[in-house]
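What follows is chain A paired twice: with chain B in the first complex and chain C in the second.
Let's turn to the complex of A and B:
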């Protein structure tokens, strides 16, 4: 009993914060019309899927101790226009299998190359923020140059529609993709040698190096995974819209703010350690759904973009605070 | 010595005699956005045609960035003959406008209608008429509603997929749209301003559908076609039949504006119509007004709108404009979305 009281006192602030938040959240849910409906549930998961998949990829980068990629939306931008170009023109190549497989392959390849190149520079000792800021500029510049600032469209019906607007058992394809990618990513991190290396290199780079696990190959692989998932989201989004433009993932005026920042926020809200070595992709997935739930609740309550941006910002601060207090409490108990 | 003097005399004659090209500096949004990209093409080509020197400073729809560009440009000491000013946020950019005007160089405002605070610093306006454009959209929706009524269809609830509510054009657009549908059976039941572009249109519509689904959605007004295109995708995923030709109780009729979306939406009957708003024409108009001002020292009209005619499937193949370069442009060249 004494231990319990002692533990409660040590975590008093954390407990108050969590209780307050849970009460606020429950009030929001029960006071919001049309919140608990199957349709709204699908809307939330669908919304979370786009940035959730990208955030799962970014979790690999963060867990490996390589901070973040600031080129998320630019990677998606170049992949988005690449796919649309392929679907509309086939890149000028006649293919007996149609434009979809070639467009998909080329786009995923571009995504992987973009990630691998950035990973190489990070692995060689470049600052991840500086390297990916530079990468972002180059990728976005190429995307706008390639498209001449135009919207690239491809006509419906086309072979990519199943990915963009198709559904299975009532859930959109992109939602199923989110669920499957989350499970697969968690399996890789938890049960494979590679997954264990990600945690090892992320939690202690010196120890990783001493045991023969260099960050160079790790940075290349995790950045490639992240960029490949960005490419996949870009393909799904272009397939949904049957068109693409370099600025599809830039939302300067949107309530979601910047796509890159939203993806980073998702990783943070999930409680993954920014310094690497601690966290998982299930946390990230829950973080994505959590952000989508709060944003959705605010919309249903009639809040405009300003208060909603504030709401998402507060949620990020709250999550960081809670996890920091939790970590402090855990160390105190030890 | 005589030879040297003659060379100097010839040099001075040509220096004084040759006409100085008009120099224009334009502060506008980034051309990586399709609409602005077409606008920049319009001003560049027309300036070239008139023999004007044009320098463009682009910002990422960020007033703070534009303010900094204005500061840096003025600090350089260089002054053009005319400034073209397209503010992302006219209120937050008022300080920059004052600084530009204080140099004595005339300023032409673009894209966002002059307000009480900034009209004294500019010599004119060139750009779209947000109110007329939205009013035309409202009138098209009323026309579609009457067709639905004539066909025996019922249900007149309208949702609006808007610009962010903080954006200058929002108020003008929504008020004009409401005015156009006032007194009819159309009933605006929801309005969301998630953001610009198809992605935000999709996200905003998906959330708004969840909110008002129980009441029934029969008509959708997209404040621009890019937003509406995303919205149509969300409606279809939610199980709605988006087809104005169906004219039954359950189908949805959509109307947009700006023609920055997808031509196929109109061709397939998913969108009843749009209004033409050509960034290419807007850019050409801006340079034409500069020419008029340089020649006459004033403009015949202070406010100069680009044409915003309604466009439907029946009229889109015949809609065209003569540009200020004398060429006839079809709608595929005038629109900024997926129209080619």
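Let's turn to the complex of A and C:
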């Protein structure tokens, strides 16, 4: 905080940008009707939870220095389709129809496999962007091929309802899982051996290699974590809709028009270093809530999807510029 | 004379395994479809392939330039979409030539600004271009007023798809012309060589006095120009444009660039490779049309092609490392044997 204040005083451009941004945000909040209500607050947190959970998974990847995965929405698509298939057809086994634990397990397994396969290629030296761009096409192709691009729906009273539409102590289940996952992930990153290794490999790959922490195993583990969390969100989303289609996450999701970019934006707006080694999941969670707040504000003001995408895009570019200006001349550059 | 020419070509292929692999892939894909689909190797289809090449080749070229500079531009699809929307929207009121000039000016300007920020703030391009991907998509939605923009006068689409010389149309001739110009620029001018320098060895070239800002800005402006040009061609050819369209171009262009033999580490690859890569992807896309598959299967096969190329590149890198390590160990063994032999000789003579 002290650093931020001192560089705020020193850097004119940074201070102008930040002040402008904060003023705009405050104006927007106070000029909007019905913003400060308990119901609206719940909506915001609920929106934030969906991409917040995925973004927490992506934070692991980013912290370990593997940039980001471009296959997030496709992983979610194949997982959501797989869950719906399990709930409606039981993967061809008669007694498995509508069996929530088996569908969840199979879906998580598929998610983990998809993540591990991409992690393997990344760890072997492939560029994360290119590998996951290819992986995304393959996963989406398999998802559409599996379902013939149809909507798979399953019967309404089912075992998965508590996850999709249920609530506990006044907050939806998905919000609770967001809070729990955020706390758990922060605990893992901060206090466990594995978490410290993530920071080590991310901040200094050469030192990691010299001390026996190769990126190969690290990439596989972090990609698996990220994909498993994507699978979890996909299951919750499918349970909420009681149906699934391969392009649930691609077209016009939220205000972004693209789930993957929204999740990456969440990680960046929170201020995690994309180069790795710097950041935590609290920043990511704050980023998710922040994006949800701004998006909600724009929706309440009746803006169309075009201006809303411009708004979120401006926010990403702004945060990149602000953090780049803030970090200029310090470490974490190259 | 003949012999030396062949050996020269042979030398070229041996020294550049990625380009060889690109040619190999292109010939494989083409001959597979040529043998299995009857009409594949006909004049009309060649014309169709060149028409598709006009779009995809430009996107592949744009990504190739960025990747040679050691960065990757993710906002290429959005940039193309924005240019398409602007050109299609302006063609009716002010005429096609002026609309194209304005559209290309805007996309080149966007590339210029991106390159400036990347060089000045020293952020990685993937970080900034993820943001501009979304920003430009939003802007093109706003410009198109969230509708599909359409031409009313179809003389322009008719003109740019006229067939002449059997295989060519004005669009594809323009694109081939751009390819040649960019190729000469990258290969023979100082500015082009600077782009190679900052991509291949950034620290070394900085130490040698190559400015980082100028080549970065030139590379991104060029790639913005190519993306905008591709958007113009698509928009004018079909007469329509959408704000959310053209996002598939990123995958197709990346595949084209990587098939063409660029390395993600930068500083490698060339314009010939980009052309061959784009042609390969076009052969694949066009050939798959004859199997009447659903549209996502094309994406699936394109991704499989990308994975094949990545696996080849990674394996060849690992193989190179293995080879050099082996050679190093052998030389160490050799030296040790020499030393031992010397010591034995020394001991013998002293006894």
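In this text, the second predicted complex is superposed on the first by the 311 of 334 C-alpha atoms of A that agree within 3 Å, B and C clash if a C-alpha of one lies under 4 Å from a C-alpha of the other, contacts with A are read in each partner's own complex, and residues count from 1 in each chain.
By definition in this document, contacts are C-beta pairs under 8 Å (C-beta built on N, C-alpha and C of every residue); 3 or more make two chains touch, one makes a residue touch a chain.
The shown structure was predicted, so the numbers you read here are calculated from the model rather than taken from an experiment.
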| item | value |
| --- | --- |
| Combined model on chain A: chain C and chain B, fit or clash | clash |
| Touched partner set for A:144, first chain B, second chain C, both or neither | both |
| Which superposed partner A:248 touches (first chain B, second chain C, both, neither) | first |
| First, second, both or neither for A:305, with chain B first and chain C second | both |
| Chain B versus chain C as contact partner of A:320, first or second or both or neither | second |
| Which of chain B and chain C A:261 touches, first, second, both or neither | second |
| Which of chain B and chain C A:134 touches, first, second, both or neither | second |
| Chain B versus chain C as contact partner of A:213, first or second or both or neither | neither |
| Chain B and chain C contact sites that coincide on chain A, given as residue numbers | 140, 144, 149, 246, 256, 304-306 |
| Residues of chain B that touch chain A when the two form their complex | 31-34, 36-38, 60-62, 163-167, 192-200, 202-203, 206-211, 213-214, 229-230, 233, 236-238, 260, 262-264, 268, 336-338, 340 |
| Residues of chain C defined as touching chain A within the complex | 72, 74, 117, 121-124, 126-128, 130-139, 141-142, 144-146, 243-244, 247, 250-251, 254-255, 258, 264, 294, 296-297, 299-304, 306-307, 310-311, 313-314, 317-318 |
| Interface residues, chain A side, partner chain B - complex | 33-34, 37, 39-40, 43, 46-47, 140, 144, 148-153, 155-156, 165, 167, 172, 237, 240-243, 245-256, 295-296, 299-300, 304-306 |
| Chain A to chain C touching residues, read off their complex | 67-68, 121, 124-127, 129-131, 133-138, 140-142, 144-145, 149, 246, 256-258, 261, 264-265, 268, 274-275, 304-314, 316-317, 320-321, 324-325, 328, 333-334 |
